[in-house]
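Taking it in order: structure first as structure tokens, then the write-up.
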Amino acid sequence: MSFIVYLSGEIHTEWRAEVQRGAEAAGLDVTFTAPVTDHPASDAAGDHLVKTESQFWRDHQSAKVNAIRTRTLIEKSDLVVVRFGDKYKQWNAAFDAGYCAALGKPYVTLHDTDIVHPLKEVDAAAQAWCTTTDQVVETLKYVLKA
Amino acid sequence: MSFIVYLSGEIHTEWRAEVQRGAEAAGLDVTFTAPVTDHPASDAAGDHLVKTESQFWRDHQSAKVNAIRTRTLIEKSDLVVVRFGDKYKQWNAAFDAGYCAALGKPYVTLHDTDIVHPLKEVDAAAQAWCTTTDQVVETLKYVLKA
Amino acid sequence: MSFIVYLSGEIHTEWRAEVQRGAEAAGLDVTFTAPVTDHPASDAAGDHLVKTESQFWRDHQSAKVNAIRTRTLIEKSDLVVVRFGDKYKQWNAAFDAGYCAALGKPYVTLHDTDIVHPLKEVDAAAQAWCTTTDQVVETLKYVLKA
Amino acid sequence: MSFIVYLSGEIHTEWRAEVQRGAEAAGLDVTFTAPVTDHPASDAAGDHLVKTESQFWRDHQSAKVNAIRTRTLIEKSDLVVVRFGDKYKQWNAAFDAGYCAALGKPYVTLHDTDIVHPLKEVDAAAQAWCTTTDQVVETLKYVLKA
Amino acid sequence: MSFIVYLSGEIHTEWRAEVQRGAEAAGLDVTFTAPVTDHPASDAAGDHLVKTESQFWRDHQSAKVNAIRTRTLIEKSDLVVVRFGDKYKQWNAAFDAGYCAALGKPYVTLHDTDIVHPLKEVDAAAQAWCTTTDQVVETLKYVLKA
Amino acid sequence: MSFIVYLSGEIHTEWRAEVQRGAEAAGLDVTFTAPVTDHPASDAAGDHLVKTESQFWRDHQSAKVNAIRTRTLIEKSDLVVVRFGDKYKQWNAAFDAGYCAALGKPYVTLHDTDIVHPLKEVDAAAQAWCTTTDQVVETLKYVLKA
Amino acid sequence: MSFIVYLSGEIHTEWRAEVQRGAEAAGLDVTFTAPVTDHPASDAAGDHLVKTESQFWRDHQSAKVNAIRTRTLIEKSDLVVVRFGDKYKQWNAAFDAGYCAALGKPYVTLHDTDIVHPLKEVDAAAQAWCTTTDQVVETLKYVLKA
Amino acid sequence: MSFIVYLSGEIHTEWRAEVQRGAEAAGLDVTFTAPVTDHPASDAAGDHLVKTESQFWRDHQSAKVNAIRTRTLIEKSDLVVVRFGDKYKQWNAAFDAGYCAALGKPYVTLHDTDIVHPLKEVDAAAQAWCTTTDQVVETLKYVLKA
């Protein structure tokens, strides 16, 4: 049994690598996908297109280019993991969760206990809440059990 | 021409009342809907159900009850306005935006200039970005023009 | 704010009337719908059609006629309440719950504590679990709050 | 011609193995999938996540983890076989049938004659009713005929 | 409880009027809709458009105009009755049945016993088979029972 | 029988008024909807939002505001009439036609004979091609026939 | 470029083999699928299930088993060819065409000129009408052009 | 990471080859698809079918045959590039864009600055606007970044 798992959210820690190493160590047949996680590259994703002075339109243009990748990968995945770290607003992660919810695409969240309350709507529509990458791997192990 | 407009997000300022007054002053045929905006009531939405010590499950239960209302109202609306204020994490607002995006439901955002960058994915899928409630009303006036 | 609520499941107790009285007492704007709850009539729903000796085909024919009503009412509802009583197999109630889950139609369950375990999949996809009709009414009151 | 067949329901008898042996003996190109059929493992599917004293929330958590697997496999299958045995409530099997019905996913049921009446709604939406695993295999043989 | 019922198929007998009189006599709250049943008008539905010598393109043009009405009415209906009489090919009736089946729109058939065999695929996807307009009315009475 | 008809395309001639007068004269129960047809207002639809020097982003912003209205009205309509005049590129009209085609929303075209060839893909997915507003009215008369 | 083509309809002539030979001769990368074309086997498709005296229920049962195959193959195909021969009622072929139309699945028809009129609704929703298997092959050649 | 990219629109310049060479030079794993780009062949796509004197029906027939290919390829693609050149009306390109928009299929446009204004609705629903084939390749490089 194989799965495609999209890893959404935080891009400034090693959580993706941890999940992937854990899955590999467990011999799971999982293909992991992700947004472009190079922050400056992501912010500049549309800079080769219309030149613009405005911060709003620069962001707009880059975000729309990023969405070509992220929407497609989310729609092709079997499961999405949405990670909320301890920095930044991370509204894009919550946006991805809402997107999954409307599609009926299962997702699990990965975040610390101290943000349980503000994430209650996001967690309520999730299939599981994990606090560690080990729990994510454990969940995958169970789901993909022979 | 009439419209149903769901007002999502921030519940600690008067923005909903401002939009409604503006629409009324302009004589627009708009029905406004919203989540339950009484914060303590919303947090306690599931407290009449299973008793639970755990903060996580209490939140979970309340959030699922709230979703009965919010998902239904979003799906019945013609337009959603998603408001991001200057307090709290407001992940539920971003979640609603993602939910709309996946449904193909048009939404506009309402937030200050200083959070343009972290909201770029949310704005990129929106039909418009407003910074004031007057701009929201102006947008409705145009959209509902005879 | 108004809602259409379909009351699925058990047909041998007064739970539907209790929920309706409660909603009325609370002044809620709810339209309740339901399957045909007259048990012999329901079993005979197709008896005016092809004559058949076989129990299987008699049941088959009646169940398909009943489905004209039940599927349509479920699809037109805003919320479904699925009741599991203490008698009979009630697979049709669980079937309705699964049907709702696949449609993304919100539902709440209504059942005693002693059947929590066998109903775990049904409850997991529900927006709430109630043990009393009062809790159902309370949930509706909250959801329809002005 | 190949098919993916999801085997839903009863986990305490050998029916899945019988169907698989029959299909293999007939040289059919069928991939069989199933939920995790280890009962204690299934009940504990979420135990590595939030610790909870409550039976309800433990079940809730495990059922949601199980659903990651089951929903995905049902959606990827070409046909679902839903088995009702002579023990337990088996509401999850009826739930899966309802889920298939709403998706337009074809399913066949497998159960004894004595439960024809309580299963009439489930059978009415099925493509076939089988009483033996041989009949399931026979059905597959026909469907996959060169 | 009210229903919209589309009456598809045969246009050369009084079956529509019979069903409507029966429903009226029973005091049912049903709105009946139908294709244009004036045969020459239906064949000429597109004659005010492109002039064409070709029988094929004349028929093509008229059939596409008719479809504006028939598709819309089928999609807006709660139930479709598909009538097969004893004259003509009536492929359009079978086409409507297939259209309903793919939409998940419930339909019942109305035809004599002698064409059970060639209509088996059409009947298999129907919710009921009636041989008389009385049976259709009886079915509506049951479905719309208070 | 009533219909909602969206009138898409050319905004510089009187064709919408002609169709509406014809429908009124024929006593048809049709509600007509349309985009904002005041050209300068439409170009300025987003000018109350982000100030921008760039023609591209000004157009972008206005077009997205216009789409709030046009997409909603198209989705709510029963039929769309897409008009191609003899001036301007009118890509938005062809865009609306493609949008309808993908939704399965029926539309008819209204254009002169000399542009039949470049419009062949647009006409091929339409239910009818009209050259005069009288033909549009005639088509509506037929479709709405009692 | 490759295509999956489902060959629906008439089972008493060699038309499927002709289309396949033509496609092979042209070196096209097409996978052809079809219903079970052995007439007695098809009529008996459900005879291994519930024993029934009634012709109606025997046909019903077999038709539902056949639908497991036919619906799945239609949904997996890129194009459907629907053949109407000069014998039998062939309502199942028209049913398949209606099914395709509602799914937005492209289909072409294959039939003689003398039945153009009764097939006008079926042809109107088709992408092409062919009178010979050579025309079907020619159409495939064009569609799959490198 | 691999992508399927459909190249829609202009058929009289070398833009498709340029994009493909660029993608190849960058070592991208992209499969490019396209309509039949041989103009006379495309106009004659249905000439092997019904003979017709009428230009309208000849175009109609050919356009419907072309749509078998184009709709299928658009639906199978991950991204569509819609090219508007400086000749012809190119309504089919705008039609494809509208089709993508309604499906939620991401597309980018490729056109010169001088037609920004008439293409504003088409660009507003696009994920990006490119003016050169290099920009298209650059966009693909970013989207497919390892």
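A, B, C, D, E, F, G and H label the chains in the order they appear, each numbered from 1.
The definition used in the following text is that a contact is a pair of C-beta atoms (placed from the backbone, for glycine too) under 8 Å apart; a residue touches a chain by one contact, two chains touch by 3 or more.
Fair warning: this is a prediction, and the values are worked out from it, not measured in the lab.
Counted as hops between touching chains, the shortest connection from chain E to chain H is 1.
Simply put, of B-C and C-D, more C-beta pairs touch at C-D. Taking the options B-D, A-B or B-F in turn, the interface that duplicates E-H in more than half of its contact pairs by residue number is B-D. Averaged Cα coordinates give chain G a centre that lies 31 Å from the centre of chain H. Separating the centre of chain E from that of chain G, both taken as means of CA atoms, is a distance of 23 Å. As a whole-number value, the distance joining the C-alpha centres of chain D and chain H reads 44 Å. Contacts with at least two other chains are made by residues 50, 56, 64, 67, 129 of chain D. Partner chain D is touched in their complex by these residues of chain A: 1, 3, 78-79, 106, 108, 127-130, 135, 138-139, 142-145.
By the touch criterion given at the top, residues 55-56, 59-60, 62-64, 66-67, 84, 88-103, 113, 115-125, 129 of chain B touch chain A in their complex. The part of chain F that touches chain A in the complex is made up of residues 50, 52-54, 56-57.
Across the interface of their complex, chain A is touched by residues 33, 36, 38, 41, 45-46, 48-50, 61, 64-65, 67-69, 71-72 of chain D.
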